[in-house]
Every structure is written in structure tokens, then in C-alpha cells.
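Read through the structures below before going on.
In what follows, chain A forms one complex with chain B and a second complex with chain C.
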Partner chain A sequence: MTKTPSALSAPRATVPVAIVLLVLLPLILMPLSAIFIFAFRGGADDFVRALSSRDAQFALRFSLLIAFATAAINAVFGTYTAYVLSRYRFRGKQPLGIVVNLPVAIPTVVVGTSLLLLWGPIGLLGRVLSPLGLQPMFAPAGVLLAHLFVTFPYMLGAVKPVLDEIEGTYEEAAYTIGASRWQAFRWVILPALKGGLFSGALLTFAHSLGEFGATVLVSGNLRLRTQTAPLYIFAQFEAGNVAAANAVAAVLATLSFVIFFFLLRYTERRGR
Partner chain B sequence: MEGTSLRWRGILPAVLLAALFAYAAWPWLPFARAERTPPTIVFYGFSILADAFHDGIFPAFQKTWAAEGGGRVEFASSFGGSGTVTNQIVMGVPAQVALLSLETDADRLADAGVIPRDSWKRLPNAGVLNLTPFVILVRPGNPLGIRGFEDLSRPGVRIVHPDPMTSGGANWAIVAEYGSGFRGSPGGAAAGEAVLAGVWKNVVAQASSARAARTQFENGFGDALVTYEQDAIYDRSRGKLHADVVDPPRTILSEHTLVVVDRNIRPRERAMIDRFVRFLWSEEAQKIFVRFGFRSVRSELDAANTGFGTIAAPFRIADFGGWKKARREIVDGIWKDRIMKAPVRR
Partner chain C sequence: MSIALENVTKRYAGLVTVDGVTLEVEKGELFVLLGASGSGKSTVLRLIAGLIPPDDGVIRLDGKDLTHVRVQDRGVGFVFQNYSIFRHMTVAENIEFGLRIRGVRRSERAARRDELLDIVGLGGLGGRYENQMSGGQLQRVALARALAYKPNVLLLDEPFGALDVKIRAQLRQSLKDIQRSLGVTTILVTHDQEEAFELGMRIGVMDRGRLLEVGTPSNLYARPRSLYAAQFLGGGTVLVGQCTRDQVRLGPLTLPIPAEVPHEEGDRVRILIRPEQVSLVAAEPSPQTASLGRGEIVENNFSGPLRRLRVRLPPLPGVRQLMPAPAFGEEGVLLEATIPAHLDAPGPNPWVVLESWHILRQPTPRLLVCDEGEGIAPALEIARPLVVSLDAVATVLGVASDARRIDALRAALAERAAAAGLEAPAVRVRRGDPVTEIVSEQREGPYDFVVIGAGEVESRRGRREPPRLGEVLAGRIRTPLLLARGRPRRIEKILICTAVGEPGKSDIRAGGWLARRLGAGVTLLHVVRPGQTPLPMVPIHLERGVATLRELGVAGTHCMRTAESPVEGILGLLRESPHDLVVVGASAGGERITRQVLRQAGCSVLVVPLGSW
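== the complex of A and B ==
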């Protein structure tokens, strides 16, 4: 009566998979397809026209650049923070560990208002900076600040578990042959971190690309200046231009599909 | 073999990423930059203005400015609920010129020290740039037989309304609803409050701006929408209106106030901005507003648009003592303190 492993896995998958699909259909799959249906309802020509408008092109490019910058900066800051949290012992380490993870739970709108109340012209620091001609809010810098805040935990979350798992002995071996902390990090830890860095950066990139709640407050929503792709979608949808909104939404959805496709393939390969 | 295929698999995402970055950064790369960016006017406006400015006013002024030897000029613009726009300007967005739905919002800017008090009154026509009456949108064929705001207070009518916290249009609508009862027969304050209370008992959805409320209504919410006539008839002229417009016998003519935010204007931009502001009251600009469904402050120009409805007895905010008084007595005193705080009876 023993069953072969293949008999256990292969044919019986149909029912559970069907159940999952049935559950996901109204929750995720159908809403997603609505984006594409409405984006292409006017035909491919309308889709291309909607996408090639100056506002849409700017919004997409601006969002991508912010996402690249956010991913690059948080890759450095996040990794360093993870390294410090994982390698050093100090007072207040636990509260710090909690604080850096907070952005996951804080509503993004609150992130936006807090940034305004700090850097805005009537904010705590802004009041000092504004007379000097420095105005980070309602400018690309403000959008970047918001995105760095909101996506900070993703890099950390991807890198820290890997760091925690790396055997301390390799690092110690490096020290015994005279490596500095930087050398040990560069030649021992960094190679092992590659996977975590990659997936953390992709996650950060994807989240930045879709960020809305904080951005809408700090950007000033100026077309051709500070309007990101999600803000463009919202503005166009509110104005009743469903086709224009959905053309950009379809591009964002496709991009994040590609991003997560690579992410999954990569993590699966490593898991094997 | 395994090694090479692995390497190839790593190259594909890298190439994609590089291509994505090249696309994103393209306009900012030095060799792609054909010319220096021309001077820019930063314009903020309330929600329904987007098309009239984007497709009408901005291109027309660009032509005028070039013809007068000013060279190229660009516009950066943002449109939202009048209250939202006001809050953004108080918070410090770089708006140089803003068209607000309500004079109250201009007062709020003055209260916050952003612009000198009553500075807009020194503009032509005391700062009022254009007008439009408040009307009711109903489902095709008007199945509920709605003729005016009194009918909206009947039980069972489901109304989509912009939110008075952020929308200037919503504030106009409140005065329209109250005023319709107040100026009806027998009329008076009690009748005004009764209509207003009846309408608000029926509000089923609120949106941050008049334009957003319209989108909600178009997505199938509610039986009726209270909104600017401009928004309805401009879309009707383009065949995009899937609703009927009801012209109430008594309704308000909204007057929209322009403000110039001096603190965001650099000295070398001064002449350009002043010219733009003057241009807005020119016959050419006023004709553009009429084409896009606004009523002009020069009423003789209104004949050019055959889509305007007939309002039997329109009134203005001045009939209620101006916005300061109306805000205090009608919006805050009656709507906010009495109607919204009344226990919900369903």
C-alpha cells in the first residue's frame, strides 16, 4: 500500500490548485484583468496614444528614476543597518530594531504628513531651511525622502536574516589573517549577501514604483515636475479619464509582474 | 554548460534593468536635452478647471506671449479640490497663480500669511474670473422627476455630493440648497434649513472634489449629483455625458477667485506672470472659458455657447452677505453645527 512520491504530488494537485485559483479569481485575478481590459478597450491605438502623452511619459520616467534611486540608497543604508544590528552589541539595540521596521505598519499618509511637518516650509526643520532657499518638500527630493522612509524595512528584511545565518567563523578566520572590518565585509560577507541584496533591492524598487499615500502629500502633484505614475493614475481616474489612467496602470502592473517573476525565480534557485 | 546558462540567466535581468534605466533617464541625459527648459508658470486650480486650462488657456497664452516677443513659456499645473489646493499652498507648494472656487479659500490663504489680505480684490472684477451655476445631474430620462433642490430632499433619493471639507463646489452646493429653500415660497430661513437638511439626509457618497464626485456618479453611484453646470455641459458638448442636466429654478451662480502668490514669484518672472493674469480677463481668454462651459464675467460673451441652461431666478453669494457671512451662518452655523450633528434618523 505504499505510494510513490510522484503519485502523491502530481495528479492530486489539480483540486487544490483549482481551489486556490477560485479563491484568487475575484480577489486578485479579475481586478487585475479589469485594468488591462479597460486599458485596451479603445484599441491598441488609444492605448499607445494614452501612454505616449507627455504627462504619462514624464510620470513613468520620474517614478522609475525615483525607484532606482530609492533602491540604490536603501541598498547601502539598509545593508549597513542590518550589519550593525547583526554584528554589534549595544544598548538600545532592540528598540532600534523595532524602529527601523516601523515603516511597514505606519500608514503611508502619516509618513507624508510627518515629513511635511518636519521639512515643509512651516515644519520644524523646514522653517530654518526655507530662508536658505532649501525646500525639499514638493520637489523630487521630497518624493525620494518619502520613498526612502516607506521602503526602508524591505532591504533590511531581506539582508538581515542572511547576515544572521552566516557563520561567524569565516569572518573570524578573516580577522585572524589580518583583515580589517571592511575587508572582512567586502570579501567574506558581501559575496554571501548577493542574493539578499538582489531580492531586497527588487522589493524596494517595486514598492517605490507603486508608492502612493506618502507621495501624494509631499509631491505637490505637479504634472511634468513631481507627479509620479501612481499619482498620475489617480488624477486621471478622478478626472474621469479611465483609459489614460489604465494605460499607465497596465504598464506598472506588467513591470511589477516582471520584477516578481525574477524575484521568485531567483529565490527558488537559491532555495534548491 | 551549467555555468554558462547560469551566467546567461543573470545577464537577462541586467540587460532589462539597464534598458529600463536608460528609458527613464533619457530626457535628462545631456545629449538628449535639445534646449534649455523655458521659464515656467506654476498654476494650481480647483478640480473642474483642468481641461479649460490645459487645452484652452495655456496654449492660447503661449501663443500670445510668443507673439509679444516673450519667447517660450511652459506651464506646470495641478488640479484638485479647492480646499485641498488651498491647504497645499499653505503647506508651501510652489504655486504662483491659483484659481480657487471660493473666496473663503483666498481668505484662508490670507489668514495663513501666504498672500496679503484682500490682495485679490485689486485684480480685475475683484478677482472673480468666471462663473457657473450649480445644477443637478440625474440618470437619463430623469426617472425620479427631479426639478430642483426641494426634490432632492424627498426621502429615498440617493445623492452623490462633494465633501465640503475639501471641495469648494460642495460649499457652493450647500448655499445653493439652502438658498433654494430660503428664496422659494413661502421661503425664509426655516425653509432653507429644511431643504438643506433633507438633501443631506440623502447623501450616500462624498468625494474630495466636484470632479471626483462626478466620477463616482458616473461609476453608477446614486440617483443625483449636485455639481457645477460647466462640468456637465462641457462633457455634454463632447458627447461624454451619460446623464440629464436639471436646471433648478433657484440656484447659485458660483464665482471663482484668482490669487497671485507673490512669495513664489521670482523678480524675473514678474512681467510674465502679470501678463498671464491680465490675459485671463481678456476677451480671448473669456471666450475660451465660455467655449469650455464657464459663464464669462462679461455676460455678453455667453451667447457663443448654446449649451447654457436657463435658470429662472439665479442668486449670488452677495445676496447672502458675501462668503464670510455665508460661511459662518450657513455652512458652519447650519450645515456643520446643526445638520451634521443631528442624530441620524434612518
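== the complex of A and C ==
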């Protein structure tokens, strides 16, 4: 398609672009570059040393593990919820649709508090579980719970629109051909959801990697046990250990860039 | 395999979408279900496939009851209008899907897939994806996919609806060839008359959930039974004439009524004239031909091979037009005609000659019987003798105030109908306000009479309970409304209160029609105020009324009474000589009369709206 000349593509874009850049520079671009500048100020050796400390290693690995687990579990739950919301008609469907999207709107600190009030030693369920030796709070399980809660809507938001777009006759065609409900889902619906699942999982992963507010409350910030990378950065900063904090921050930032790059590539391909 | 549906009914949210459909499709047949959108034809297909369960009735394949068998186990091939080709699979994988599910070996699958690709004319395109194919090709893939596992029956839901005319014609031919060569029992759903004619060995015409008639294309076209089928398949002109001595009078013509069309003296008979059955000639035709006289060409449209004309004839006495629907206030008869396009119309005022025609069946009268589901049931009780003597079909309607009561009400209605002796009537339940729902049901449905209980006559110190529902309905129902009161006995004597002039004709006709079928006698009553001399036409009008009744084969007498008001007159006559049914017109004054007669007389009342009969 040839471009139609219009006022929007007029050549005098210099000034507006400059204004945007001027705004973005102190807001986004400069802080981001500051991380890398500080991380490498002591040279590559310092950077590697800071990263290879036991605490930093644990924090990064733990964060990645939790992020993978969160993405995997929410991929299943989120897809199933999206399927139910998109395919069935039932009473209370609308309220349920709101509830499952609620975590995006709630401050993460509130999520952390609510989890503590439920699972904590004096919480509603925790009070019963605690004597049995089950204590999810201040343990890796608690971190996972918090992350599942906070990132739940991302998977749903990525998968449901795709599901809504697939006509009902698509599955019905599979049924008449002889496929069971599961077979129809596995061979007909799931492949069509691939893209949505991919972007949903990336989003979930990215959010889990950076989650702070809920994690800090439910984890107890125990080093070498429940300390995620963001918590590690925070703790090191507090202790005045700026170099250590920066090294991990740089790794997190890079990971986020990579994820973002993939997401962008993917959405661009879909858009075309 | 043969497909049989027995009395299959499906409701959605209290609305009947498929209404007691009974149908048998033979082994190897290509059957077409034809109907407008919303007629329930696609629902029938989905019921056969098992995609939705019926609320009532039985579905059999080859005699085996499949009503409760899962869709996966029915062995049907289904082709959807939107193709529903799996996007992430190649064409080949799409076709093989059913075989893969069934665990067929790879080599076997490949052989079958290649065979099918050849059958549908897509050889060599197996490696393509959905977005690399045209709509016509995709529908061929869908057909191949549905045929892959050798289904017992093939169901096609408007398969060509989304395609352009040329591709449609090609696909039709392919489908026909494939169906013939494989011999698979097939049902195709369409709203396209041409498609139905070209493909169907037999066609079933559906309207509002009911299967109206079934027949071969040529039979349905030449000899439809119902007005709807006549209209939907082919169009043309439908005129209504009056039956006298096995003939129907149509203006200057008398046409014989064939023996297979049951008819009675005075019946209104509907005559279908297809456009090609009308010939237009310049010179006055000989008296032996069936000429309707001279008309005027009011429309002349070129449509390819044919020229479509509309010819207006002057009004023919006693003839009413049903189709094409006459515009309001227009007089005369409008006939549709076609001539070959290369011929010119024979002048602006040709003679109109009927080459042939077809007489439609008398419609079965349909009664809408409203019942509350509790208390006394006068409407149901009066309905039973009516159904028997009118040879009518009854639908029992109940109105539930909220959704939770629907099922209970439906059960109660069925039970009460059975107790009243109505054999297997259709039961409908609507939700909402009774007046609104009954009025909507009457306007949406094909009913000829509405029957409703008018409540008890309760004498409390001379005051009577106002029967409100019936009163309110009397002004709104467009068909005759029978308000059944108390425990109606046999209807032997009918009192028709007649005004003078046009408004009084519908009530005499409707009352007379009922009287003939019920074997009842009729009294025609006209009330005169004291001191007022009756207008000179009153006796003539009454005489004519009696003559009309006589023509219908009904024994009628007439009388004039002097009273302060028509109501007084009616009540006075009823005191002297009891009648079982009072017939009143629902004209402006008639509504008041209706209300008072209902409140004060102990018998049932038939309210006949102006021009409804």
C-alpha cells in the first residue's frame, strides 16, 4: 500500500519528537542507563564478583524459578478460567469476570497483607494449618501464592480475547467429527491459543520477576530461603551495598528487555 | 441410513424454536429443509447432529433411537456455513482429523485423504492452510473433512450462504454429484428457493418452528397445500373466492374445486396463480377461456430471460387478494405475470386469461386456548367440543409471572388439558404480563380463534366480579375471541347481535361459520330504542343476514327488540330464550356492549373484531 500524504506525516516532526524525548529522558531513559552505568563502574570484575555472591545467586535463581512456576501454573489456570468464561453461560458470570481481573487493580502490598491474614500463623486458615506443621507464609510456597495471585489476570487477558474470537462452530465441527471435549480442546482450541499463551506467559513471567510489594510481606525477606531478586536489591541498597544491588538490577533489567523484545516481535507479527 | 424425527420439540428461554417436527428422510436421499431465517431449520439440523438435546421427541437413525447418544458417537458429518476449517492445520490434516481421532493408521489416512481431495476437486492442495484458500475451496475442504470417516448422514447448514452466485452454482453441482455417487443420506438447510429446487429430491418447508409441508420440488411448486409454501416457493398471486356447489366463484369465473381439497358451502377458497399461468392477450379472448377481464399493466420489469409484469384488474365482487399483499386503500386485484423477455407486453390494457391455477387446502383452524393452570378451566372445557367439531388444532397457552414457575405451569397445563379431553395439544408457556403475552402470542402465531376463561359469575347482592383479563383482551386481540364462562354446555343456540352496515358482517360470518360446524341454530338480533323507528335498511340487512346463514347451511331467524340500550335488548332476549353463545362485534360501541354482556349474562361471548372474518 502506498502512503497517502497527510498532515500527520508532514516532515516538520523535529520539534514534537524533541519534546517527547526531553520528557522521556529524565523519566525513563536516564534512570535505566544509570543502572548499567553504576553496575559497571567498578569494571567487569566487580560486576561478576557482585553477581557470584551466594546471596545474589540464590536470589536470581529463586526469582527465575518462581517466575517459571508462576507462568506455568497460571498458564493452566488462566486458560481454563478463560475457557470457562468464554464458553459457558452461567449465573454470576459477570461478577466472576470482574473478580478474576481484580488483582490488577489491588495494590500489591494489600495482596500481601490479605495473604498473611489468610495463611499466616494467626490467619483464618493458617490458624488451623499451623498446628499441622503447614506454614506457607515466610516460605517459598508463600512467594509462589503471592505471585500467582498478582499475575493471574495477565494470562487471562492474553488468552480470553483469542478464545472469544474462535467461533463455537469450530469446536462443534470437532465434536461432529468425533473428537471428545478434551480432544477438541487439545487439538483444535489449544493450537489456536498458542500465540495468546506465549504472550500471556511472557507477561506473567516478567511481572513475577519484578514483583515486590506482595513478596516482601509474605516472604519475610529471608536470605537464602525466600529472598527474590527484587528483595535482594532492596536489602543490599538498605545495607549501603550499592554495587551488589546494581549488578542484580542490571540483570533483571536485561531480562526484562529480552522479554519485552519478544513480546513486541510477537505482537507486531500478529498485527500484520 | 434413514433419519426419522418424531414430534421433536426444542425451546429456548420459553420460546419454541422447533415445534413438534415429524420427518422421515430415506436412505440415500438428499433432503432440503427450506425456511426463512428464524424458522428453526438450523436447529433441526443441530438436533439431528446431537449438538443440542431436544426437549421432547425422538430422533432415530436407521430405526435406532439416538436421542440421547453423544454427538461424537452419532457418526454424522456436519458442514457449517462459516466452514470452520481448523486454521493451524493444513488442508490434509483437517481432512485426516476424524481418522486420526479414530486411530486410523497413517498410510490408510493418506490414501483416504487423497481420495477425498480428488472427490471434492482439490487434488494437490493438501499442503495449504486455511488463509491460502478461497471460500469455495474451504467449503470443499469442509465437505471432504465431514466425509472422511464415512458418516452415516451428512448435514449441511446453509453451506453456500457465504459464497457468491457463480461459486455457489459450481458447488451445488459438485455436491449433487458427490452425494449421488456416495449415496450418503443428506439433509441440507437453506433459505434459498433456487438451491432447494436444484438440490432437493424432496423439500420440507419450515415456518416458525413447524414443518409445514414436505414434497418433491415440482409437486411443492405446482400443488402447495399452505399459503406460506406457495409464497415461499415461487410466489405469484393468491386470491380468495367463495365456494358454491363444489366450485369457487372468482369474479366472472367459476372454477371447479378438486375432490382432494375438502371444502364446504360458503368456505373461502384460496386460489394460487403462478406468474407463468397468466397469459396476457391483446384481443378479447373467446368465452371458453378463463378470462378475468381487462387489466392495466402497472409494472414492467426486465429480469434476464423473463419480463415480470404486474397487472391491475378492476375490483372483482366477492374476491379478496392475499398475495401480493394489497397496499392500504388500494382497490382491485393485482396479478403477477411473466412473459419471455424478448416479447413485448400486448399493449397497456391486455386481457387477462388464466391458463391454469391451483386451489390451496383449507387451513386447519388453530385455536389458542389460554389457561391459568389452576382453578376452574372453562376455556379448556369449551375447547374440546370446538376442536372436535371444527377439526381444529389447539395450542394451550399459560403465562407465568416469573421464570421459576415456567416448568410447573407447563406440567399443570398439560395435565389440565388432558383432563379436559384435549388430545396431545401443543403447550406453550410465556413469561410476563398475561395481557401483553397473550396479545403477542396471538399476533406472532397462526391462530384463528383465541379462547379464554372469563372468570366465574359471582352474584354478591346482585354485583358481579368484573372479568377483567377477558375485557382487556377484547379490544386487543385481532382474531375472534371466545370468552368462556362458567361450565359451558354444548353450543346449540347462538345469538348474533348485529348492527347495520359493514361492521355487522364479520360477526354474522364468524358466528355462522361456527354455527354450521357446531350444528347450532342462530338468532339474529337488532335492538331499537323505544320511540325510534328503525332505519329502512334494517329489515333488509337482517334478511340478508339470514340469507347469508342459509347459504352457509345454517338455520337462522331474526328478530328486532325495543329496549333502552343494546345490552338491555340482549339481556331481555336471553331471559326469554336462553342461548349458549352471544356473538358481538368489537367495534367502538361493541366493546362496551361486550363488557356489559360479559358481566351480566351467564353465557359465553364471542367477540369478533372488525374485518377479522
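Of note:
Definition applied: the second predicted complex is superposed on the first by the 250 of 272 C-alpha atoms of A that agree within 3 Å, B and C clash if a C-alpha of one lies under 4 Å from a C-alpha of the other, contacts with A are read in each partner's own complex, and residues count from 1 in each chain.
Here is the rule we go by: contacts are C-beta pairs under 8 Å (C-beta built on N, C-alpha and C of every residue); 3 or more make two chains touch, one makes a residue touch a chain.
A quick note: this is a predicted structure, and the numbers were derived from the prediction, not measured.
Once chain A of one complex is fitted onto chain A of the other, the partner contacts of A:L224 are limited to chain B, with no touch recorded for chain C.
Looking at the superposition, the partner that touches the larger set of chain A residues, chain B or chain C, turns out to be B.
Within the superposed three-chain model, A:W187 lies in touch with chain C and out of touch with chain B [touch as defined at top]. In the superposed model, A:G178 lies in contact with chain C only, and not with chain B. By the document's definition of touching, of the two partners only chain C reaches A:Y170; chain B does not. In the superposed pair of complexes, A:T254 makes contact with neither chain B nor chain C. In the superposed pair of complexes, A:S52 makes contact with neither chain B nor chain C. The intersection of chain A residues touching chain B with those touching chain C, taken from the two complexes, is empty.
Against chain C, in their complex, chain A makes its touches with residues 167, 169-170, 172-180, 183, 187-188, 191-192, 194. The part of chain C that touches chain A in the complex is made up of residues 49, 51, 71-72, 74, 76-78, 80, 82, 84, 86-89, 97-98, 101-102, 142, 145-146, 148-149, 155.
Those residues of chain A that touch chain B in the shared complex are 58, 60-61, 64-65, 68, 116, 120-122, 126, 130, 135, 137-138, 220-225, 227, 235, 237-240, 258, 262.
Here chain B touches chain A in the complex through residues 13, 16, 20-21, 23-28, 42, 47, 50, 74, 76-80, 88, 90-94, 209, 211-212, 214-215, 218, 235, 240, going by the rule given at the top.
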